[in-house]
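Following are the structures in question.
One chain, chain A, links the two complexes that follow: it is found with chain B in the first and with chain C in the second.
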Partner chain A sequence: MRKTRTDPRNPTLGEKLRRLLISQEGVLFLIMLVSVLFLSSRTDKFLTVDNLLQQGRFMTEIGLIAIPMTYIIITGGIDLSVGSILGLTAIVLGWTWQELGFPLELAIITGILSGTVAGFINGLFIVRVGVPPLIMTLATLALYRGLAEGISEARSARGYPEWFFQLGQGEFLGIPTQLWLLIVAVIIFGIILARTRLGRALYAIGNNETGARFSGLTVNRHLLFIYAFSGFMSAVAGYIFVSRVSTTRSDMGTGIELDVIAAVVLGGTSIFGGTGSIPGTIIGVVLIQLLKNGLTLSGVTSDATIVVIGSVLIFAILVNNFIQSRGDES
Partner chain B sequence: MTDSLLELRGIDKHFPGVHALKDAQFDVRRGEVHALIGENGAGKSTLIKIVSGVYRPDGGEIRLAGAPVAFNNPREAHSAGIATIYQELGLYPELSVAENIFMGHAPTKKRLGLETIDWERMEAGAEALLADLNIRNLDVGAKVGALNVGNRQRVEIAKALSLNARILIMDEPTAALTESDVEQLFGIVRLLRERGVSIIYISHRLSEVFELADRVTVLRDGEYIGTHDVADTSEAELISMMVGRRIENLFPKQAAQIGDVVLEARNLNRPPLTRDISFTVRAGEIVGLAGLVGSGRSEAAQVIFGVLSAESGEIRLNGEPVKITRPSEAVDYGIGYVPEDRGHQGLIREMTIRENTSMAVLESVSNYSFVNRAKERALANDAIRQLSIRATGSDQIANKLSGGNQQKVVVSKWLASNPKLLIMDEPTRGIDVGAKAEIHRLMSRLAAEDGLAILMISSELPEILAMSDRILVMREGRLVGEFSRAEATQEVIAHAMMGASATANSVGETL
Partner chain C sequence: MKKTLATTLILALLLALAGMPLSADGHERWDGADDLAVNPLACGMGDEMMSDEDGDMEEGADEDMEMMEYDGGMVAMHDDTAGMDITLVDVPKLVGIGYFAATTLGQQQAAEELGNVSVTTDAPTEANIDDQIQVIDSYITQGVDGILFAANDPVAIAPVLRKALESGIHVVGYDANSEPDAREWFVNQAEFNGIAKALIDSLVDQMGADASFGIVTSTFTTPNQARWIAEMWAYAGACYPDLEWLETLEAQEDAGLSFQQAQTLINKYGEDLDGIFGMTSVATPASADAVNQAGLCEDVAVVGLATPNAMKPYVNEGCVRDVILWNPVDLGYAAVYVMRAVVDGEFKPGDTSVMAGRLGELVVVNGSEVLLGPPFTFTAENINDFDF
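Right after this comes the complex of A and B.
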């Protein structure tokens, strides 16, 4: 029963472990572990349950948007408009409630619906008119933000009832409420990407869109769906954002698209499409959040923090490239 | 042969997996039009790319005006006086006619101590060059992108002459021209010949060879077949030189029971490459679709598969009219398409054999939307066994397989979908002889035993003749001939492909 050589179909435990370690997620996880150890040696405020839960609260919005962004980048696309959709959702929510007098529940639904429609419009132009995703979402990055500013007229909506803050500021079983949402979303959409026909189609489209089309996959329908999904998740993130900070402003989520894309790419998703995973993305999100927080707590200035995060991003990509080129040879 | 301006002897060129030129020879005399003909893949393009410095030969000798030369790149060939007019024109559409003609060697003058372009001299020079070619109706200030194909070609010829070309290579120059442009081009070619410029003229149209050329050289399968004075040869002789190859170990086709009509195309229209196409394919039948590259064979197939949409016409499957607007619908109707461009259209090369095999049938290997990997693996292993795909296992990346095995993966993807009609576009292009025979055996078996209807597009006449029950020929987007297996010969098919029948002999007819 002893195995001296590894059989690719029946790997031993050691072989499985080795493969996990040299996988992109494995490498990232190691980087994260090293970072945590280093940061906790610098300050005792970092590695505490309270602090970590608080960081979980802060990273939920980025995490939620990073899920559809992973899907989109896997297909070789990009969505730059997520921050503006977040802002638009927040404004629609506040405005329909305060100015139009909608019941708050209906205002939430209206907000999330408008975010989804905004994403759907991105998809529609990308698929039907053939506008490159980068251009289309760059345009709507400006357009949706402008819309949000126009609707809000620089006023902010406040005075939400107590129950509204449960999602953004409350706790459930000792853990921030929105973190539960993120965990559930990560599990469900991680499985969908890894195990279902939808996931398979996304990888196929990202590797070779023509080939996918010629195999009878409904490429356009899939693309339309993921951009609408991106709008939906950005909208949910917008709702959480408002609930967390208790107010609605039109500049909410400005620049969040770059944090999201950085996390996704750090998580091993190729910007050229075809590869990537939700576990990788989530490690990317967590790593960036921990670095930001840990460095700040250690007394590093925010400028220097950005430099460190940029360096880690480059380092992780180099390591991934190295692993991939090794993998191609074998 | 002392009067040869350019002489190639014993030219050899290998590409990975292909011996493109074997001991080929060719020569051009001063002031002659020398036609170079051969089937697709005969080595014409490789030969002219060697002459124009794009490729370096692996062996052999090139002499220019008696002296041996070796071109390391196109620039060196240019400065030796060899210019090429390519099929896809090499001009800058956003620049003017004059700028294009003098690209890289514009006349300059000193202005404020700086070397600047002398626009007046450049435009005058361009006008003079064009006038030299009897072209007087072309504005040298116009943007090239705004010109029609014929005028763009004239600009390109003028550009070549501005470099003092002694040898002009024209690769299928009439392919995209209208009738009057063709006449003008012929006038220019004759003018250049009178002035002592040598022209290497590549064409599929034999009528052009007889109208224009002094001599003609035939290549076949990378080998030199012969050179004739045009006055001493005939179309029939050239065709038999081009196609007269031994029928290489092809698999003998099994006789099949021909059943009901599976596919019926009625007056399919999508100009310019699909014009009024009507034909049928029956169960158990292999219908060969022959034609030159660019004759519209693949386009007709892609209209049926829903990649391109027909402007008018009707497709019937098993007698029922169907509407197919995208490939996914074609797949639902039971049509499979093994495309011509395997790496780009047929396979997702970065993915595994398993993932490729199940690509068209994901639904049937899934339980509620969840892909069942065990079922997938079983499907892939079946394909590996049945098509004897040489791979390390079903999880091997498709890109790591040889061309023949990649093609088998594409075929297995469609067999998994249990199609009624399988369209195979160049099913054995670029794969080795062994894999080729296996694919032929498989096609034959699928038709004979499973009653599959197969539409096979091929540029290889031996393949068409050996595999087809019936042969359709396309030219210029139209179906121009239909032959039964019994009446088809290489010569008959080649005549139909090239429009070289007794009645279709003029240039106008082929346009």
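Right after this comes the complex of A and C.
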């Protein structure tokens, strides 16, 4: 096979398009397109503006947490404690407001701060003590959830004022309020990952941490930052979640870490680190949400839906692996 | 690494301890009872009570009606489906467990009897508030005539149910309630005072009105258990003042701990102990096991709330006589009949009762709740008919 003669540094438009199509994100996007076409042929309730916006509302929390999770997995790490941090934030928010009598604004800030601190503690132990991220965040998965249960004593905080629900249940310019937040976050953190020194440092750490250290990168500071960032985003997601469901419970966000990791990995981020992108992750989040909703709308029950989603996950990864390996050979 | 884990554990322990409530002072009430108002039922026992239960209940309901207006929600205008075929979706807390398989069975029985109702059960495979909300939302988009639900959280589920009402979909709850205005009716499987009365009556019937007993509960602050104990205290105080309450022990919902706590009661009070109440579906079989292993089946009566499957060995052996709960098949059955009556316009706000097929007339309590009836007692005669 002879290679094409185009200069790789200066590709033609056609070449650019071809590369985009066979990229991880491109393949995934095609799979999503096919799924949407299929689902909308099964039911006319699926492809409506109202329904899609509603799905956007439902997927915001997972989407927000998936951003730092992409960063973390690119460095070869993982954060299993995000669901527990979400729950802890919700409980701290409700508890400081209802039991300690904080003004609600302050309670929100306290909640988000404690989530960020929780993520920072993860980072601290991982960086300073050298606990593997899997072990550390598995431990805090239990610890933060236990804390949330201990603080709340199985009681819920309810009865928030009307303005508090604006973020989770309201709309801005016809689009669910929290979806704006997700869109802005995706753009900003997508650019940071793809176009800045910080982003390139994360890939470097994931590809070869020792190498990155010897190249003078402040690896520890970067890791500390992304785990704290993960705590922060989980906390923001917790705040949105409380605002959406209008109550706090200590079991909020249970199992969300698996949904997030599934979306990130589906989006083409390698669990071994070094590759991945925010656009891929977001396509992963959207694909899973649309499948969940579309299948239910076309009369598939929830237990069968999770089977289908699992199968699509495996299928998408297989197709992508096949195409990427072909791409490498040609 | 070891140091880290140890530090983490100690930290967790300290924080958990800090979060623990200080021991409840129970000078007045039994340990584990809450401070809310109690409403004990009239004295009387077993079958004799059952026969005039209906009369009593209706009187009670009448009083309730005076005190409490209909506080359920209102469905928006929609096509009149009275008497026509309707499609319902049933969204329990989760699917894949025996309890909700039993409610589904009851719903299918009712649907078959009625002939013009079809019910599909769909719910998450884990009791997760967000998944449940999303399932309900999808069915609102899809368009059904009615939604039956058992809420994972009364407040969290409310917005999506209100959305259903606004879209002209009828909403009836069962097993676990939502905020009243987010649904039209709720089929209440058993009131706290009904359960309390059944428990106390069973003990008195087995061991006499001067029996001494202990309680194994989850924790002193768990809402349902605290409510039941408070109602038991009130009912026993009013009807059987000679009953002697020895001690209430906490056992979380942990089988091993429940077993140990039951053993503690047996060892501590020895001959004096006539009965043990198990307040959770874990504590009751564990207590029965402890009594069984101590060879005290004849001397200590275990009465409690539990599911039939967990209690079958002890009931079939004759070590436990009564297991108190409600019949989930009837619960699901009643929910479909209530929904049909609501759709047909036969059951409206302000009504005091509703007809529910083979269950007969069910009364309205607490404004907008339909009471299933007195609790169901599983005994050696019927326990093997149930599988949950």
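One rule holds for everything that comes next: the second predicted complex is superposed on the first by the 322 of 330 C-alpha atoms of A that agree within 3 Å, B and C clash if a C-alpha of one lies under 4 Å from a C-alpha of the other, contacts with A are read in each partner's own complex, and residues count from 1 in each chain.
Please note the rule applied: a contact is a pair of C-beta atoms (placed from the backbone, for glycine too) under 8 Å apart; a residue touches a chain by one contact, two chains touch by 3 or more.
Source: prediction; values computed, not measured.
Participant: Sharing chain A, do chain B and chain C clash or fit in the superposition?
Facilitator: fit
Participant: Looking at A:Ser40, would you say it contacts chain B, chain C, both, or neither? Reply first, second, both or neither.
Facilitator: After superposition on chain A, A:Ser40 lies in contact with neither partner.
Participant: Using the touch definition from the top, say if A:Phe58 reaches chain B (first), chain C (second), both or neither.
Facilitator: In the superposition, A:Phe58 contacts chain C only.
Participant: Of the partners chain B and chain C, which touch A:Gly216 in the superposed model: first, second, both, neither?
Facilitator: first
Participant: Could you tell me if A:Asp303 is touching chain B, chain C, both of them or neither one (first, second, both, neither)?
Facilitator: Touch partner of A:Asp303: chain C, not chain B.
Participant: With chain A as the corner point, what is the angle to chain B and chain C based on their C-alpha centres after superposing, as a multiple of 10 degrees?
Facilitator: It is 120 degrees after superposition, to the nearest 10.
Participant: Which chain makes contact with more of the residues of chain A, chain B or else chain C?
Facilitator: The partner that reaches more residues of chain A in the superposed model: C.
Participant: Would you sort A:Tyr203 into first (chain B), second (chain C), both or neither based on which partner it touches?
Facilitator: In the superposition, A:Tyr203 contacts chain B only.
Participant: Given the touch rule stated above, what does A:Arg249 touch, chain B (first), chain C (second), both, or neither?
Facilitator: In the superposition, A:Arg249 contacts chain C only.
Participant: Tell me which partner A:Gly274 touches in the superposition: chain B (first), chain C (second), both or neither.
Facilitator: A:Gly274: touches chain B, not chain C.
Participant: With the two structures placed on a shared chain A, what shortest C-alpha distance in Å links chain B and chain C?
Facilitator: Nearest C-alpha atoms of the two chains are 19 Å apart.
Participant: Using the superposition described at the top, list the residues of chain A that contact chain B and also contact chain C.
Facilitator: Common to the two interfaces on chain A: nothing.
Participant: Quick check on the complex: what are the chain C residues that touch chain A?
Facilitator: Touching chain A: residues 1, 3-5, 8, 11-12, 15-16, 18-21, 95-96, 120-126, 128-131, 133-135, 137-139, 141-143, 153, 155-156, 158-159, 221-223 of chain C.
Participant: What residues of chain B sit close enough to touch chain A in their complex?
Facilitator: Touching chain A from chain B are residues 305, 307, 326-328, 330-332, 337, 339, 344-351, 355, 359-360, 362-363, 366, 369-371, 392-393, 395, 413, 417.
Participant: Give the list of chain A residues in touch with chain B in this complex.
Facilitator: It is residues 8-9, 195-201, 203-204, 207-208, 210-218, 274 of chain A that touch chain B.
Participant: Which chain A residues qualify as touching chain C in the complex?
Facilitator: 43, 45, 48, 50-51, 54, 58, 125, 129-131, 136, 139-140, 142-143, 146-147, 149-151, 153-156, 158, 169, 241, 245-247, 249, 251-252, 254-255, 292-293, 296-297, 299, 301-303, 306
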